[in-house]
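A, B and C label the chains in the order they appear, each numbered from 1.
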């Protein structure tokens, strides 16, 4: 089993607002292996987007990475903790784009309307490579062609508003890959798109991953996309990861009550027409009203009174690369959880 | 697991949560507004100024039109707060005229032998308090003698008129013209903006083009033209009203645009469509659904339009095109200070600019605060 | 899972809504004088029927005209041409498209709408009691107590506690707001409810609650639904029949099971193929269409879908196909419908692979 290229341990990102502290991410841990796709799935308020932005240290104020480690194995083998770097510093800027590319959710608003896509591409290319303008432009055309934009030599001078949603998202992907990163983070890349366009974009991401041996983190709320695209899955709820594992295990042997409830309640094209769905009781709590103990306990069909509302379950290893944070799986006698071996040790 | 719909259990809510849940939009706006310290402070300042305007005569000390060439350009009098023995007894020294031996001009200077103590609710010139009853009590007076002999808190102008009293009365005039102007603008703006936004089509086009034409005319020359057209024979009051109308003729356009924009966007809101589909009448939709939605924006726009009105009047009067003596407003006072001689000899006359600046700033902060409270995402 | 579903009366129930050749075109205006230079053919000759108690879903991607169609049916928009025949409680048939405004108001009681966005569909300045009672108030229920009683009844129907009656919308979550919207829609006991993407803006776990609620209410109250959606998985759960729209036209109309298992139009096949299935063991080779969704102001000649269609022939470029009945209750707008053998999704079993595979753009 290869060593992970990115390892997140106990990430905490908090927002200090007037009304209180919102713990958008409060203990997320997962590994990303080279050449594989990791899916981060959850509903609103689970912190998946904030997690992705924390990795790249682009969390908007008043949010801040408060704790945890974000261990990146660099091209030369050494390991850097991104959480410790200066968010505006040189090294972090080199990593952004240079080692980790990011595709945003809304292609409509993530591209500048005042610059041609060529301008934006060339800027991204030249930030990480010492190329002259002409050479950078050629590279830009290559990139556009790579992501499947027809007539790239002409399109490179278009403005973003002249392109459809699908084409814009392709440009976003080209931008993310401009500096040849080894990791691609795609934050809900297809949520704003039609389903046939979504199929095109997901297909593109998969093809690019194969061609360039990218490690991909795919963030989505759509379990179907997770099933289609990912190798490993992290399920998040209210800022914590509640279950981790290979995609097949997550879908066919879910260990955490939230994962189970979620899987049972999603509508599917495979269902009998007009069949009822099994629902998850209640609704997602407001971030200011986090339940005490296990955050899922008010809605959990398997909640154990006296335990779940008082203590926070830790991550329990359930096999290779398999974890769930639930008292159902914890050995009650020891109380403490078996720590998951860190595959990546930070070196000085 | 049952397939019957899982009922949402009645959650235990705290008293505070319940209070927020049943809070109207108005209450929520007020709570948000309260958090802006600067806006709240500005609100207090504005309220204070309007209080001054209301009690103008009471706060004045000497009749604002009482001229005396001999008392021309007296500097602000020094108030001595403590007696020689250290007790807190504010007093001033009466002015005594002495002929300067070289210029033979009568020069007034404080006479250290003639001490007059300041008293609250002292006697002064006669006036009608709030237009209700005649009195001659003012906030500050002297223990003996006439205020005209000794109490020139901010000095006098070229004609020997007490500047403090004139300033206080000017506050009233300027603030009231501002209000009247805004009221008129509001009426025109809401009416025309509403029609424009609600009905659309050609009537909207006509009104919009009209607004654009009005806004593209340079304001000062326009005012100059209109003000110059006012017959000189008109009374002070008539001119007063005419100036108000002139200023409002331009001011309504801004409000109209805000109102139209809100109506246009509200027309498309789902809850308006829902009301239409339920069978609600046009009137009900306008007054129950749309107007409350933009009321807070109107209030914010009004509080930002007021300073514009005040500045307009001050500018016009300063240029000699608006109110003219014997009317008193900030602009009129500033006009008195318009010459080098005045600046050299009597720089205190420029103090008239201070309330203008303070009030304008206060209104701006207040308006910003109101706008942010009403629509934090707008 | 085959839950015990009540017997569907759909096959023999009377028709409650009959839409015939509905068109809604929006003029494109340019220049200072606002001359009309073109038309956006948002809805371009749409016909379908809905029987009492059944759910018909309109499915399609952006620009297909499903939302415009739904608004025309309620006369929130005035159709350019065509007929919308609605059978009233009294048994009369009225054409909503041409009804004068005065007669429209009483008719509105019988057709109501559930909106997509739970945040903009409720007036933030009214309590939920006022919101739900408004249809009653404007339709003559003057007595306050009577209205409050009915509001309590409706809140119970949508499973919200009566204790919340005096709260304002900002105190509720998205799912709860949708329930309030549903309660409002049901206040006047309508026969037809148009649901415009009612669960698209909700979290997955809440979607299930609302979908179940809609199904339960349909069974209890005998409602007919016109369900507008872009999500085929949601559509599978609520529909009796499905109409697939593309650029203003219906390209296929069939009972749910039939259209999902064996679609007859290449676009339907591509749509079904594109929907991600929540089961990693069911990964399949998907049809990836080339190009983008056609522009309704300038659709391609002939069959609007032909530039993207993997099965297009010359005839498709020149001649627009008609919506034809091909099997019992199954209509498709395709010249080659009889000869193509298209792939769909089977419940729980094997996925029927598409016979002709398209190149990945």
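The rule is short, and it goes like this: contacts are C-beta pairs under 8 Å (C-beta built on N, C-alpha and C of every residue); 3 or more make two chains touch, one makes a residue touch a chain.
Because the structure is predicted, anything quoted here is derived from the model rather than measured.
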Open item on the list: Counting only C-beta pairs in contact, which chains form the busiest pair?
Closed with: A-C
Task: Farthest chain relative to chain C (centres taken as mean CA coordinates) - done: B
Task: Computed distance of Cα centres, chain C from chain A, in Å - done: 33
Open item on the list: What's the distance between the Cα centroids of chain B and chain C, rounded to whole Å?
Closed with: 56
Task: Multi-partner residues of chain B (each touching 2 or more other chains) - done: 3, 5-6, 8
Open item on the list: Using the touch definition from the top, which residues of chain C touch two or more other chains?
Closed with: 3, 176, 209, 212
Task: Per-residue multi-chain contacts in chain A, two or more chains - done: 276-280, 283
Task: Parts of chain C lying in touch with chain B, wherever the complex brings them together - done: 3, 74, 76, 105-106, 108-109, 111-113, 115-117, 120-125, 127, 131, 134-135, 138-139, 159-161, 163-164, 166-168, 170-171, 176, 181, 184, 187-188, 209, 212-213, 216
- [ ] Could you please specify the touching residues of chain C with respect to chain A in the complex?
- [x] 1-3, 5, 8, 55, 61-62, 173-176, 203-209, 211-212, 215, 230-234, 236-240, 256-257, 260, 270-283, 286-289, 292-293, 345-348, 360-361
TODO: Spell out the residues on chain B that touch chain C in their complex, using ranges where they run on.
DONE: 3, 5-8, 10, 20-25, 28, 269-271, 273-281, 284, 289, 292-293
Open item on the list: Applying the document's contact rule, which stretches of chain A touch chain C when the two form their complex?
Closed with: 43-44, 148, 164, 166-167, 194-200, 202-203, 207, 221-229, 247-248, 251-252, 261-263, 265-280, 283-284
